[in-house]
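A quick write-up on the structure given underneath.
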Amino acid sequence: MTIHHFQPSHYHLTLGTHPPVLRIADGDTVVTTTVDAYGHDERDVEVSPRGNPQTGPFHVEGAEPGDALAIRFDRLWPNRDVGYTSAMLATNVVDPDFARGMPERENVAWRIDRAAGTATLVQPVPGLDGLTLPLAPMLGCFGVAPDKGQAISAATSGPYGGNMDYRGFKAGTTVVLPVFAPGGLVFVGDGHAVQGDGEIAGTGIEVSFDVQFTGRLLKEKTIRWPRGEDADSIFTAGNARPLDQALQHATTEMLRWLQSDYGLDLVAASILLGQCVEYQVGNVYDPAYTMVCRLSKSILTLAQSR
Amino acid sequence: MTIHHFQPSHYHLTLGTHPPVLRIADGDTVVTTTVDAYGHDERDVEVSPRGNPQTGPFHVEGAEPGDALAIRFDRLWPNRDVGYTSAMLATNVVDPDFARGMPERENVAWRIDRAAGTATLVQPVPGLDGLTLPLAPMLGCFGVAPDKGQAISAATSGPYGGNMDYRGFKAGTTVVLPVFAPGGLVFVGDGHAVQGDGEIAGTGIEVSFDVQFTGRLLKEKTIRWPRGEDADSIFTAGNARPLDQALQHATTEMLRWLQSDYGLDLVAASILLGQCVEYQVGNVYDPAYTMVCRLSKSILTLAQSR
Amino acid sequence: MTIHHFQPSHYHLTLGTHPPVLRIADGDTVVTTTVDAYGHDERDVEVSPRGNPQTGPFHVEGAEPGDALAIRFDRLWPNRDVGYTSAMLATNVVDPDFARGMPERENVAWRIDRAAGTATLVQPVPGLDGLTLPLAPMLGCFGVAPDKGQAISAATSGPYGGNMDYRGFKAGTTVVLPVFAPGGLVFVGDGHAVQGDGEIAGTGIEVSFDVQFTGRLLKEKTIRWPRGEDADSIFTAGNARPLDQALQHATTEMLRWLQSDYGLDLVAASILLGQCVEYQVGNVYDPAYTMVCRLSKSILTLAQSR
Amino acid sequence: MTIHHFQPSHYHLTLGTHPPVLRIADGDTVVTTTVDAYGHDERDVEVSPRGNPQTGPFHVEGAEPGDALAIRFDRLWPNRDVGYTSAMLATNVVDPDFARGMPERENVAWRIDRAAGTATLVQPVPGLDGLTLPLAPMLGCFGVAPDKGQAISAATSGPYGGNMDYRGFKAGTTVVLPVFAPGGLVFVGDGHAVQGDGEIAGTGIEVSFDVQFTGRLLKEKTIRWPRGEDADSIFTAGNARPLDQALQHATTEMLRWLQSDYGLDLVAASILLGQCVEYQVGNVYDPAYTMVCRLSKSILTLAQSR
């Protein structure tokens, strides 16, 4: 149960089978940092090209294809006092005719008060002057090396994770990812101090982060899409376009999970999900969109007690 | 502010410009009943063919195309002690290859305890025997007559409302619908005692309902998609396939609303939604899917106080 | 085999169970006219509101739900010398960011030389001055009354036909439609002198038409989506969004057809379609898109001779 | 104008920045071979894992990001006498409820008569016994290294090409691809002796190929999606899901092309495409689907002569 402190010296714009920066054991904790989506570090200095630069990869000893890795986010917190966010929605989240008149996107700055836990709009914006929002830090993009030796842009997502921009990827959440390459190869990046569902402006409040996570190796645990757990619920994430297909992936993964781990057959799982499932929307800006399928633990407990 | 008690003698399988069953004034309240999706009434006797039979339409005096109608659901509650729900997910919410092995859907019964506010699974289902869920009554399908004199099946949805199957259409919620025909012509039906997001089994717990609603006429209020308000949030609903397009409709309608009623320009509305929007999934079973775009009132209050 | 000459005096903006304008027998021929999509007749005078006004409906004696109607287009030809077409692509057929700069759509006029069989651009358009295209007349919107007593806008499509805007709906083609209402109730309208695939500008060359068709009643012939036949191929049409779903409808209908009428089982039909199917794109502008699934008769003959 | 003969000794399952197997100059020709989608060579011996193994990459001297590569397919022809094809359609091209009863896919063999130019079904299949189809050889998967140093599975597609499975990629066709990596890095593979539109069974008639192509370097030619030209038409290919988005990419690329190279402004290009565009469907089986946007040269000549 070692705690590793790792200071990155380079970043990756793809999730792939890159040389590991650190090897950790099952149960170890990593304390590190991430730069913002534009490649700016805790001093707001550019240290990487833009595009959700990833810290890592971290090699988990013993992880082999067919296993899974559980990553618990212990701490996610901005490590500087300014963040940036687009001031215009993306054209793909509005009706095509409405897009006609939309100007190009420009960024605005937010002052981040880490002690108070707030972000305050810096520029004067009529109607929003000095708007202050509570911080809700989350990781927009993280994952493992994809299958087949692929190296895939940190601007999209897939079964290996990637740029899912889901608000639920916050401190206290555990994410389980399939292992496709030896060591799994964990990447983390793209911290958001605050973000609405869908990342519909194409950004959250983009900021560099302090990140602490703990990895656990689940041997011979075959999963097809990211799974997770937080205080309230278990959940699965599907990544694809259109959202309909992302929803299919997430729902099917939840069905498999209920069947394999919770002793429910397809009928029981259907009844439970049919009346109790919740969906939440992750990224709807990338090439692949993200839909999250959730089932509350209180419902599961009800079912499990039968 | 009359309270009308209306007992239906026939039902409609389409929302269209049908002869009104009752004329009400701005501000009036209607107390009525709806049959379940299969056309069964409070005695569980078939009184209509299946397909979300609608009670109504109710003509609101003075409503003209270009106006809007605000419908507040005052009371939605099952009026019998048994409900039915599909015991198999729909094939369109799972991966196509997973659908290969899925059996046809069959219904199971739930005993509804209206005093206790619970629904309990009647049949023995391994893993779920006697599962009891709290009631969360909502209307699956309601709306007004569509534009152009159309009459559209109560199994789908559009700008006029319809079969949106959104959990948020519950007592205490106010829905605003565009008026396309003189009198607006309000329809209500398809009560669900409980329902998961998306109605992914193709049903909620289908049951006949007591319904009480109050209608308010908003003259010269042009909206394009259903809008609503509950204790926490304002929201818009988009109905289309794929979900991506439903999301575009809902987001665009929210932008219009923030611009016209809350004094925000496109930049301010983009910043606010970009960091604070929430999406919720309505029906993903019908020809048209439903996506709901929400903004919390606490955020709006923050913005409004600028 | 009567030939009926019918001159319309009113038009419908929905396909629905409207009072028939004429009753015809199995095998009868109708010679009539249609106005253009804007409601302008052969004198270019507005005689109906815009929105693909339909001529009809024509009641086919003996047609009942569960039957099908075969409509052969005998003659489709413009009946005036000017047509109109949008001079700007629709925003939904380009990338959302590209839509940003697109101006509103305006119409340009074409001079139609019916003797020469050509359409010539009237306005000066740099790079296209005097462009002359050969006429390829087709019906954009036609169909029967939908199921459940629905009345659906002539701006969209479904199992009953509607605004499919498929270039293959030309003289010599036979279309088979399911019967949902007594008499079937055939509507015709929305003639295009020329049109590209998809109707991606939102219009073809819109013009009023002389239309002659012959109806044949197929008793107890249950089909789910429009089917057709021309000199080269048999085909099916699916109408939905996204195109992926339209393709699913069309492909499934073709599979059913090959199984029921051509003696192929699912394996044989899969092998044949897998190597020989062709797809063509109908409307991609409406709420519902259209995909056509085709199989050449020469291939079918090869298979049939086994 | 050297002609290089290259015999591959290894294959790639991803298109990426892999070490080149050969360096060629602008205008050079490569004569090589490809294995089938399952990794079987001209002796039908497995020499690679399955998954559209790619021959290459071929480095084109002088090619830099911002350039484009024109690849003319000079000769594509099976180099063995047996091919394989799935005997069951993919579940994603049929209606979800129809998928319920579909069996798993199995392969059947075809005897390829290279002299006669035909493929004949080997197994007895009721209704298709001995079915013989004319060969129509095409490359299912080819392309260049993607941007950002990505390495992407040969089972999908993108701006760099990939598994597009478009029947138009046949001998005589020239494809133009954007250059993202030094040398471009050309890959070829996945020959189909015959294939229906969409590759809806998940395979064409899969066979190893003799491939001859000629590469031409287009300096400072920035394109965003594959473009092409054959005897009849110019065309663009968009790769994405749903097909609607693939169509947007292809249409937008065609607009850019008409504007930059054919002297048409957006109005003229809209008029021309609106009345004359053709779409053809490539792969609808992969994670990314392919739509091809075509404009006939005869129409372009008409326009160009203005």
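Brief remarks on what is shown
Here the chain labels run A, B, C and D in written order, and each chain numbers its own residues starting at 1.
Everything that follows uses one rule, which is that contacts are C-beta pairs under 8 Å (C-beta built on N, C-alpha and C of every residue); 3 or more make two chains touch, one makes a residue touch a chain.
Here the structure is a predicted model, which is why all the values come from computation and not from measurement.
Path length between subunit B and subunit C in the touching-chain graph (shortest route): 1. Just to note, of A-D and A-C, the chains joined by more C-beta pairs in contact are A-D. Interface note: subunit C and subunit D, two copies of one sequence, contact each other through mostly matching residue numbers (shared numbers exceed half of all numbers used). Looking for a copy of the B-D interface in A-C, A-B or B-C, one arrives at A-C, which has over half of the same contact pairs by residue number.
Spacing of subunit C relative to subunit D, judged by their CA centroids, is 32 angstrom. The distance from the centre of subunit A to the centre of subunit D, each centre being the mean of the chain's C-alpha atoms, comes to 34 Å. For this pair, subunit A with subunit C, the centres built from the Cα atoms lie 46 Å apart. Among the residues of subunit C, those in touch with two or more other chains are 92, 96, 102-103, 241-242. The touching residues of subunit C, counted against subunit B in their complex, run 13-14, 16, 51, 147-153, 240-242, 245, 287. Residues of subunit C that touch subunit A in their complex: 90-92, 96-97, 99-104, 242. Every residue of subunit D that touches subunit C in the complex is listed here, in rising order: 85-89, 92-96, 98, 102-103, 108, 121, 125-133, 194-201, 203-205, 241-244, 247-249, 251-252, 255, 262-268, 270-281, 284, 289, 299, 302-303, 306.
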